[in-house]
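One chain, chain A, appears in both complexes that follow, with chain B as partner in the first and chain C in the second.
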Partner chain A sequence: MKFPRPRRILLYVLLIFFAFMYVLPFWTCITTSLKTEKDVINTVPIEPAWPTLMPWMDALGIMERPLLNSFIFTLFATIFSCFIGSINGYVLSKIRFKGSEMIFLFFTIGIFIPYQSVLIPLLLTMSRLRLYNSIQGLILVHTVYGIPICTLLFRNFYGEIPDTLIMAAKTDGAGTWTIYRRIVLPLSSAPFVVAGVFQFTSIWNDFLFGLVLARGSEALPASVALANLKGTTTAFWNVQMAGALWYALPVVIVYLILGKYLIKGYMAGAVKG
Partner chain B sequence: MKENLIAFSILLPSILSVGYFVYASIGWNVIASISDWKGLEPSYTIIGFNHYAELFHDPVFWISLKNNLLLILLFVPASVLLGLFLAILLDMKVRGEGIFRTIYLLPFALSFVITASLWAWMYDPKTGVINILLEKIGLGFLKSGWVTDSSIAMYCVILALTWQFSGYTMLIFLAGIRSIPESQIMAAEVDGAYGFNLYRRIIIPQLKPSALAAFVILMVFTLKGFDFIYVLTGGGPGGWSTFVLPLEMFRETFTMTHFAYGAAIATVLFVIVMAVVLPYLYFSFRRKGE
Partner chain C sequence: MVNIIIKNLTKKFGEVTAVKNLNLEIKEKEFFILLGPSGCGKSTVLLCIAGLLKPDEGEIWFGDKLVTSPKHDVYVTPQERKVAMVFQDYALYPHMTVFQNIAFPLEVRGVTKSEIEEKVKATAELLGIFNLLHRKPKQLSGGQRQRVALGRAIVREPKIFLMDEPLANLDAKLRVRMRVELKKLHQRLGTTTVYVTHDQVEAMSIGDRIAVLKDGILQQTGASKELYDSPRNTFVAGFIGSPAMNMLEGNLVKKNDTVMVDLGFSMFELPTWIGEKLQETKESRVILGFRPEHIEITKKWQKNGIEAKVDMLELIGRELYIHFTVGNKAVVGISRPTEDVKIGESVWIVPQEEKIYIFDEKTGEALI
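Up next, the complex of A and B:
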């Protein structure tokens, strides 16, 4: 829509005003993370001071192991849930069988449940499997709870692959598995990026499962480690902000490079049933 | 027939694991809620619905429910309206649309633990940026304790959450606006609908499905959202001023080890969320079937 000139100026004033409001918390976070404790108290938060990297070093010292933990379980759970979702999505969209809609609904409801309602049984299950407080346990949990959304993402995408392609392969005698490997999988780079980016960021960002299932140190995720920094006297605001930035870094990089795929993931979760 | 079997056997591991970790676990949680399980050792002695009756007399439960309702009444509409406003702004053939969109959506991509940490720093009464900026621009009388003041802490939470979520609702509305056929908009322009009039008469009425999706998703979030408030205020100050149901469930279960009671709160939460989600899923499945 084109507006006359004075209104267009107002438009940009509004856009920039909101951009300022959205950036302000990040800006004060960055400036604070580069200040000494003294400067944090004596200077205005939005004004940069003579920069020091000490808070970043201190924060890394505390967050190093948790960041590594998060990276490992996020990576594996992302890969597993995407592959499982891809196979499920293929079966649910390309093989017409009785009850396929019901099974799809069965998975879809799993996207929306409040995790509080499975938390207590989950804790018991994980300690019986001796997976409480372990990286393997977090991989299992994030994989299983990722299956519903991944199945939905892949099923919606595979709906766009023409059935004739599958039929042709079938008449050539290709089995279900061969069709998946030779035809469907090579066409799947787009949904793998969408689901992969979506899963990576949501698992990386998770807090609740990490808090309940990994309260020790061997498997502590970065989210819980960062939350533990808050309110401690050892980590002042500058160290906390640096810790937040370390933890944010992978997601920010993914968001800036692959943002448009992440948006597709957000939209699929929102609009489609 | 053979294909049915193949399809089913491929899906079986997923059906079993989701069946166990979602459906059976929800059932198990309901059973735990009618047991007498207190303390770290699980107990399966069924004592009936006592815990649900107790909920009615538990002031913290009512405070939590009230705060959840406050979120639904204030945070959800605020995010939906701000998102709609931003989407309309961005739809006006803006130069650098991609940059603005990237900025507005960034908070939503980040973990709640991060955004809550940022806001805790912003709200800090002594050295936080909000109070210091207010002082600098001569509005020092507006300085406040923010999240450390129990009378306004919940509103501070709502403001920060609106900041985090409005980029997401913007995205939903922007997609909705972009899916309206160009020809319709041009026809309306020929008829003299222009500028905000065009939005009011032609575009906004067609955004009902987007608005519905935004409302449902945000409502589900407000009901099950835990991380943000847990990190920003921990449910306080003054005891329970920002408690919500997920926090109350967590406190009863893992801090007090009242597992059965926590399970009852989780069940109530589950029922409320499903009352919002199931009708929505039903309608979107039916719409697609048509």
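Up next, the complex of A and C:
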């Protein structure tokens, strides 16, 4: 075996450094979450100590309800926005009508609206609708703001379904809705995975809407609860880290289950017979 | 079974006119072909008949029922038209089995389960795909997919079949076989069929009648023999028949009682039956046409012989294609494989008198 050339070595060093930079905070988070209060103060953050699960239990005690809140509104908003996006995508790509291009343009603009700009009117609207500080309210807001990106995703995917398939279904006697239900929807597993994972992570990770639209515990999302762990006077680093890991868990699980399909979905030209 | 009447059909896509003022009558039980090069508007006509496209002007009648008329605001949806369509890419539903594909049009129409089962099986039997019923389209060969697409079309006994280049994606051998099967199927079912193709051989072999289209304009309608024997213009003459008809430009010259074409390098005397027909025609630029299969090759000068140099020989089984240069134009002849010619040799080609065509050079219209 030949000894690697100097340029190669330099490359490896650089790559290892990048990998180290990437992993270090995560590592620190894990070690700290497994330490007692005392060890947190007396040891270097990256150094593992005698493990304890107490911070995990403490964090869960505080975050249990918010995690459940987040899970419920994320799940429902993901399902709703994906389905509506799917129907929109079908209509905009397969049923051309006057102004459909214009409508699609509006959808794409919707993707780029910075959420900060709508916060105050949104808050007022939600409170008039009596949906302020409620799970239903968060489901509604996340569904509505998820529709543009989902529409875009599904429309692009449906562009790959051959038009002749739709024409064949029409001459076979199927109406618009039957075509969607019997032909388009069964061919949509790939975009549903892509849009679903995307929506789940972005709604789960949302902080801004949760912070503004919820208060107290009934509807408080996990992202906001996590920030609250910081406390006002003292910082319990181990509990915060454990809370962060609890918070990350569902997204990790989603990726573990759907990751395989996600890659397939991104590559999908999956409908060719 | 019904007939289809198309009146003054016009369809535009933006600035482009795909079909212009088309008039056609497709008879009951007829196997009717729309033939033309790609982009001639033939598929557009088919989609208008299916109701998948709305024309800008004109009317479409199925029997005595008006199904499309923008003027009278009549538009019967494709779902209600009782037409079945077969597409070039077959358009099978990829997530359904063969059985489910064929059953789909029945299911959508609310046919009972037992009846569906019976009909799908009978159809599959007819098309020889019974053993494939549980496969997905992905697991089928091109020819098998083609049969499934046909099955899905015939299972609900439509009044009209529309086929958009259904054989174009098959290999040459299978195409010839499916052609015969399609014709047989049509004879058996007697369904009025409109068939789109760009392949003139296919058109001539299966069509009862053929409509030739170019740039959205109807050129000629007729049985294949009619199109071959008396093409109405140079486009039809060149499109029907393979290799294409030879065409040489020249001046029509009249001397005493004889009518001649001055080809520049040679004078071609037209037979009396043509001369009589051209009595009214003024001396002008014309095109002399004759098919490759209607020539004689001689080594000595003969009356009306055209001197030609042999460029290339193509032996195609039982025929020999001979490529000549005449003046500065290319001419093709078909002969027996035993024909004694060599590349580079000069010979005389003599078009058969009764198989000569004369077209107006400017308009391309046949003058006789």
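In this section, the second predicted complex is superposed on the first by the 241 of 273 C-alpha atoms of A that agree within 3 Å, B and C clash if a C-alpha of one lies under 4 Å from a C-alpha of the other, contacts with A are read in each partner's own complex, and residues count from 1 in each chain.
Here is the rule we go by: a residue touches a chain if its C-beta (ideal position, glycine included) is under 8 Å from a C-beta of that chain, and two chains touch if they have at least 3 such contacts.
Keep in mind it's a predicted model, so treat the numbers as computed, not measured.
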{"item": "Partner chain in contact with A:186 - chain B first, chain C second, else both or neither", "value": "second"}
{"item": "Contacts of A:28 with chain B and chain C, given as first, second, both or neither", "value": "first"}
{"item": "Partner chain in contact with A:151 - chain B first, chain C second, else both or neither", "value": "first"}
{"item": "Chain C versus chain B, contacts on chain A by residue", "value": "B"}
{"item": "Contacts on chain A seen with chain B and repeated with chain C across the two complexes", "value": "271-273"}
{"item": "Chain C to chain A touching residues, read off their complex", "value": "47, 50-52, 77-79, 81, 83-85, 87-95, 104-105, 108-109, 137-138, 145, 152, 156, 162"}
{"item": "Complex contacts: residues of chain A adjacent to chain B", "value": "1-3, 7-8, 11-12, 14-15, 18-19, 21-26, 28-29, 32, 40-41, 44-46, 84, 87-88, 91-92, 95, 97-98, 100, 103, 105-110, 112-122, 124-125, 141, 144-145, 147-148, 151, 176, 201, 204-208, 212, 223-224, 226-227, 229-231, 237, 240-241, 243-244, 247-248, 251-252, 255-256, 259, 262-263, 266-267, 269-273"}
{"item": "Residues of chain B touching chain A in the complex", "value": "3-4, 6-8, 10-11, 13-15, 17-22, 24-26, 28-29, 32, 42, 86, 89-94, 100, 102-115, 117-122, 124, 127-129, 132-133, 136, 163, 167-168, 171-172, 175, 195, 198-199, 209-210, 213-214, 217, 220, 223-224, 226-227, 230-231, 234, 245-246, 249-250, 253-254, 259, 262-263, 265-267, 269-270, 273-274, 277-278, 280-281, 284-285, 287-288"}
{"item": "Sites on chain A touched by chain C in the complex", "value": "162, 164-165, 167-175, 178, 182-183, 186-187, 271-273"}
